Every structure is written in structure tokens, then in C-alpha cells.
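After this come two complexes, each holding chain A, first together with chain B and then together with chain C.
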Partner chain A sequence: VLVLVRSPLPRLRVLLQRCWGRLERGLWPGIFGGQGLPWGPALAVQGPALVPQGISDAGAPNLPESVVWMAAPKQRRTIEVNRCRRRNPNKLIEIKRNIDVCPECGNLKQKHVLCGYCYAKVKEETRLIRMEIYKKEGGPFNAPTVETVVLYEGEKPTEKDEGKRIIERARKRPSWFVQN
Partner chain B sequence: SGAAWARGLLNWARPERWLPPGNLFPLSCIHTSTSLQKIGKWEKKNRIVYPPQLPGEPRRPAEIYHCRREIKYSKDKMWYLAKLIKGMSIDQALAQLEFSDKKGAKVIKEVLLEAQEMAVRKHNVEFKSNLHIAESQTGRGRYVKRLRCHGKGMFGMMKISRCHYFVKLVEGPPPPPEPPRTGFDQAKEYVQQLRNRTLVHTL
Partner chain C sequence: MRLSVAAAISHGRVYRRFGLSPRSRLDLLRNLVTALVRHERIETPWARADEMRGYAERLIDYAKRGDKDERAMRMADFWLTEKDLIHKLFKVLAPRFQPHAGSYTRLLQIPNRDGLDRAKMAVIELKGNPLPPLVRPRRDSDRTLLNQLLKGYRQDAQRARG
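Coming up: the complex of A and B.
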């Protein structure tokens, strides 16, 4: 399990690394990397240093070559960059231009959607009609095979309503419920 | 000197400083409102009283400050809605918020309706549609850290965020939107900056 420890003084650590590097180059001039004082014909060997490196050790070379490197952010995104991304016009909410006034009740409605207030009105009336039906039927699975007609106060069944089931509602007929 | 001391004390304990407006005993120093919770700065802005205007001055438009604290929503998400309604008239803002799918839209709509009612009742606004939104801002509320359980016994700390919402309504039609800055405007400003240069510490 890789444990990330964030040291509070990264700059100090880098400074120490640099100082150590310079010290190494000063103490062992010939061994560390290139040439120190002109000693004579010397081999310019590019390879791992023979002096044990103290701080700049990495655990990465121990992993096998088939490991998959995951993408990770290299630098912290500044608040300015973050703001530019979050406040870009494509992220802001667009104003809707499809809002109209319902001609029936005067509330706002979207052009392609039913008016919320009128729909709620109809829903409530339907609920009351369904309650009447439930009272008449008495239980589940008692739906008759004939059609249903809803009659309000002061209405008589016409000749077209012969043989249909009649549901009575004790109120005046609402203006939006048109009678056949 | 006793009279001067009394006058000074009364000026220090004037009603709009501590007590909510419309108090029956403005001369008493007793707190009659709930003073245990700190009254925020935005709420106090409604209490400023300007001196009466002179006959020739243009009419100062009414300003109404309203806010809601500790809304259970993220301040960054709420900011998008606040940015949407900045500078709109109140009717347009209410229309946009009604058909927005966001959770914060419902809250902001309630706040705007409350502020509109406050304006008509207390702040001497004649027409409730003659208001526009001058400022609308969000602020960070109190966050609470909680444990979030993952699989295999692992856990993380999550923070439950809350936000405040502030709105300032001003009487009058909304101001016209600023025309976008063209290249010509930028060039003019640059030339003006060059012309403003001068020599310092010289004869």
C-alpha cells in the first residue's frame, strides 16, 4: 500500500537535496558523474553513482515493467483556473424563453407542457370521481363491462346514456368538464 | 451635565441600533427581541434610516435586503442560480426559477416572494412588479463533517455543506444590460492610458 506523506516544508527538502549534491560533488569530485580536477586521461562513465545517494531514492525502479501508469494531476489547479472553468458561459444556466401565460387560469406554463395549476385541478376532481366509483363498486375486481357516465347536480341521464353506469357527484359541473 | 449625559445615552441606545423596527418602547434599553443569536449584517441593512430628502432631489429608490440562512444546498451550485437572476426584474426571475429543475430554485423563489411581500408591506413600495434584483449572492454556511462508509471497512470523511442566500431588491425597472466591450473600446482605452502618462519628480 503506497502511503503519501506530504511534508510541510517541500522547499527546504529541495534545498537540502541541492546542498547534499553539491557536497558530494565537492568531496568525491572524480567519482560523482563527470570530471573533478584534471587528473589525466579518465573514462567518462555515464552510469549509476558508486556513492550511496541519501535523499534522492525512489521506489519506482523496483516495480516490474508491465505495470500500468495511471494519469494523475501534476500541479494543483489554481483558483483562477478553477474559476475560469466553473464560470465559463457553457456551464452557466441558460435562461428559458419558452414560458407563457396560461389563458385559462393566468399562471405561468411552459409552451410544450400542460399548465400545472389546471392539471392539479383536474387531478383533484378525478380523485373524487374515483372515490365515488370505489364506493359504488365496493371492492376490487368489480368493474362493470359497460361504460361510465359522470353526472353532476341537476343533470338527468339522456337517451345516449342508456345502459351505462352512472356516477353522481354532488356539486355543480365544472366549466372545463364538457358534457356530451 | 445630567441632561447632556441622558441625551448621549439615548443617542447610544437609539432604537435602530439594537431593537427591531416598530417597537413600542423605543426609549428603553431592554432587549425585547431574541438577542442570543447574532443578527447578521445583511439583516441590519434594512434598518438604516436616511434623513428626509430635500425638495429638489430625485427620489431615492427603495432598497429591500432579504436573506435566508443555513439552506441545505451547496454554495457553488446555488451560485449558478444567483448568477441567473442577477439584474432581472422580479417577475422574470420568478418565471425562470419556477421552471428550473434545481433544488435551490424552490428556496430562492420563496425568498423572493417573501422579500416582495416585505417590500409592499413595510418598505412603501407601490407596485410589487416594479422591483428588480440588484444583488444576489451566496455564502458559505456551517459545514459538518460526517463519516461515509465504503466497502471493506474503509471510510472517508464527508462534509455536509450548507449555504446562505442574500438578495437585494431595488424599486424601478431593471437597468439595461451593458453592451459588450468591442475592440474599438479597448483600443480607445489603451490610447487614453498612453496619453495619461506623465513625468514624475521633474520640473
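Coming up: the complex of A and C.
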């Protein structure tokens, strides 16, 4: 066997020389198929402790008869089957077809629901009117026994507002609050 | 004839369940009715507003009988927890709704609540209240086909008369 190894790195050359030396001396058996040093008698150990035999003939595990067998999937569900189930129309979110544009402000609203913007406007105005009412009443549990009418700046009570309590608001009448 | 009461079947039951018990449900609705009579417009979950509407309208029907009526006074005494509202009910609301035959309240749905529960909310108000209107009645535009035909018919009738 002629092996010619020429490597520029000195460390690698040293390592290769060492390996070759070990091979020649027979201290590295099994490389070329030949037997190494003649082996003498050695310590013998009982078989089963080193190589336990019970694993291969396990068969059915030793469970009591009253155990309940639970359902479990037999096969992995493929991604195609998964996609069919996940994207089935009954699992997708329903698209709403009842969205319209509010004719007053132009925001979007659902057909059977009040417009959020317009309602917020009315809610704010109601809150200010209620603050005025509270100031006029002075305290809790003073509900009047007459009707109420809300008048804005520069407005006089008409003959329809004869016996009513008047609540003044210090601003111009908004266009969406028609006086009647 | 009812031979047995099967649990967890509620076919035909009209009253919703609220609160901790039937008594608690009535207390809850009573608070809402009191608030409606006081403020004339309240914002609450839709189910509560819908349930409360019937009780409020029946209370107004009782109030229309007049405050000399013993049953009407007992009803108002039970349903209105704040006793100054009994005066308001008999002196303000009963005359206001005398010409109306029924349907004294208006129930409108508003966008879902902003909190975590996104509850379906509604605003319930007594008709004829002094607050700003929630919905402006819109007339159809003059450019629709039907309105144009009616306008032409009116003009023809006027021309024929004049």
C-alpha cells in the first residue's frame, strides 16, 4: 500500500504521521479488515444485564381490563384536507351588505342603526342641555310639573310655549334642531 | 294542559331573564323606567330597552286614568322610585299623551358599545320630548320619477282649473 500524502500544513503532517504509525503497529484494528493484536481471555459478564431482551417482545402493554380506550386520530390530516375544512364558506366571516352612507354627514352606517357621528353630535348637545336643566333645578329630585322647552340665543318663546319651563342655551341654534 | 315541565325548554316564553332573580329583574326594569321618566331619553342595552318599553307604556296608560284612580296611584308608586316623578307623570306625561292611542316611546338602535363587550345598545325616548331629535325625517327628492309625475299631474289639474 503506497500512500503519498504531501500537505503544506506542518500540524496536519504530524497528525497523519502519528495515525500512520499507529496503523503500522497494529494499535488501530478494524481499518483494513485484518485482526489486531491477539486478544487473550477477558472478563465475562452475564448476558441480560448488559443487553436487556424485554424490549423487542413487548406485545400488548400490561393494562387492566377496565381501562377506557379513547378516540385518537389515526393519520395526520394533510394540508389539502385542512385547507378544505378551514376555508369552507360556513367558517368564513360573513360579509355585511347592509352598510350605507348617512345622507346628513356622509359617514358609513348600517341601514337599521343610527349614524354614529350624528348620534354623537346629538348626545353632546343633550348633555349640555341637561347640565343647564340641573343648574336650573338646583338639586336632586326637583322634577318640574310643567313641560320644558329649549331656546337658543336670540329666540323668544312663542304662544305654543305658554306655560313651559324655559331652558336657555348660550349658542346659536344648530341647523339640525328645528324649532317647532 | 301541561303534564310535565321539561327543564331547559323555553318555547313561547316572552319575558327575558335579567339580573339575579325575577325580583331583581323587576328592580332593574323599575330603575330604567324611573330614569326614562326623569330624563325622557336613555341609552341602555337593546334587550333591556325592549323589555322596559312595554312596562313604560303600560304605566303611561295607567297614568292616563287620572291620579284619583287608586290602582293608577299604586302602580306609579311602585314603578317610580323617585317620588317627585309621580307628579311629573300625572301632570306632564299624561296630558302630553292623551291624544295618542299607544306607542308613547321610540326605540332606536345605536352602534355597539365601545367597551370590551361590544354590547348591542339602543336609545329609548318618550315622544314629544324637548331634547334635540335623533332622526330627521327625510322627504324624497323632487327628482324621483313618482314625484315628477305627481308634480306634472298637479300642474295639469291647476291648469284645468284656472
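Observations, loosely collected:
Keep this in mind: the second predicted complex is superposed on the first by the 93 of 180 C-alpha atoms of A that agree within 3 Å, B and C clash if a C-alpha of one lies under 4 Å from a C-alpha of the other, contacts with A are read in each partner's own complex, and residues count from 1 in each chain.
Everything that follows uses one rule, which is that contacts are C-beta pairs under 8 Å (C-beta built on N, C-alpha and C of every residue); 3 or more make two chains touch, one makes a residue touch a chain.
As the structure is a prediction and not an experimental result, all values here were calculated from the model.
Taken together through their common chain A, the two structures put chain B and chain C side by side without a clash.
Using the contact criterion defined above for the overlaid structures, shared-chain residue A:L108 touches chain B, although it does not reach chain C. Of the two partner chains, chain B is the only one that A:L92 touches; chain C does not reach it. Shared-chain residue A:P144: touches chain C; no touch with chain B. In the superposition on chain A, contact is made by A:E125 with chain C only, not with chain B. Considering which of chain B and chain C touches more of chain A, the answer is C. Smallest inter-chain Cα distance, chain B versus chain C, after superposition on the shared chain: 7 Å. Residue overlap on chain A between the chain B contacts of one complex and the chain C contacts of the other covers 110. Contacts from chain A toward chain C in the complex involve residues 103-104, 110, 112-114, 116, 119, 122-123, 125-126, 129-130, 141-150, 167, 174, 176-178. Partner chain A is touched in their complex by these residues of chain C: 38-39, 41, 43, 82-85, 87-88, 91-92, 96, 108-111, 123, 130-136, 138. Those residues of chain A whose C-beta lies close enough to touch chain B in the complex are 86-87, 91-93, 95-96, 99, 108, 110. Remark: chain B residues 76, 80-81, 83-84, 95-96, 98-100, 102 touch chain A in the complex.
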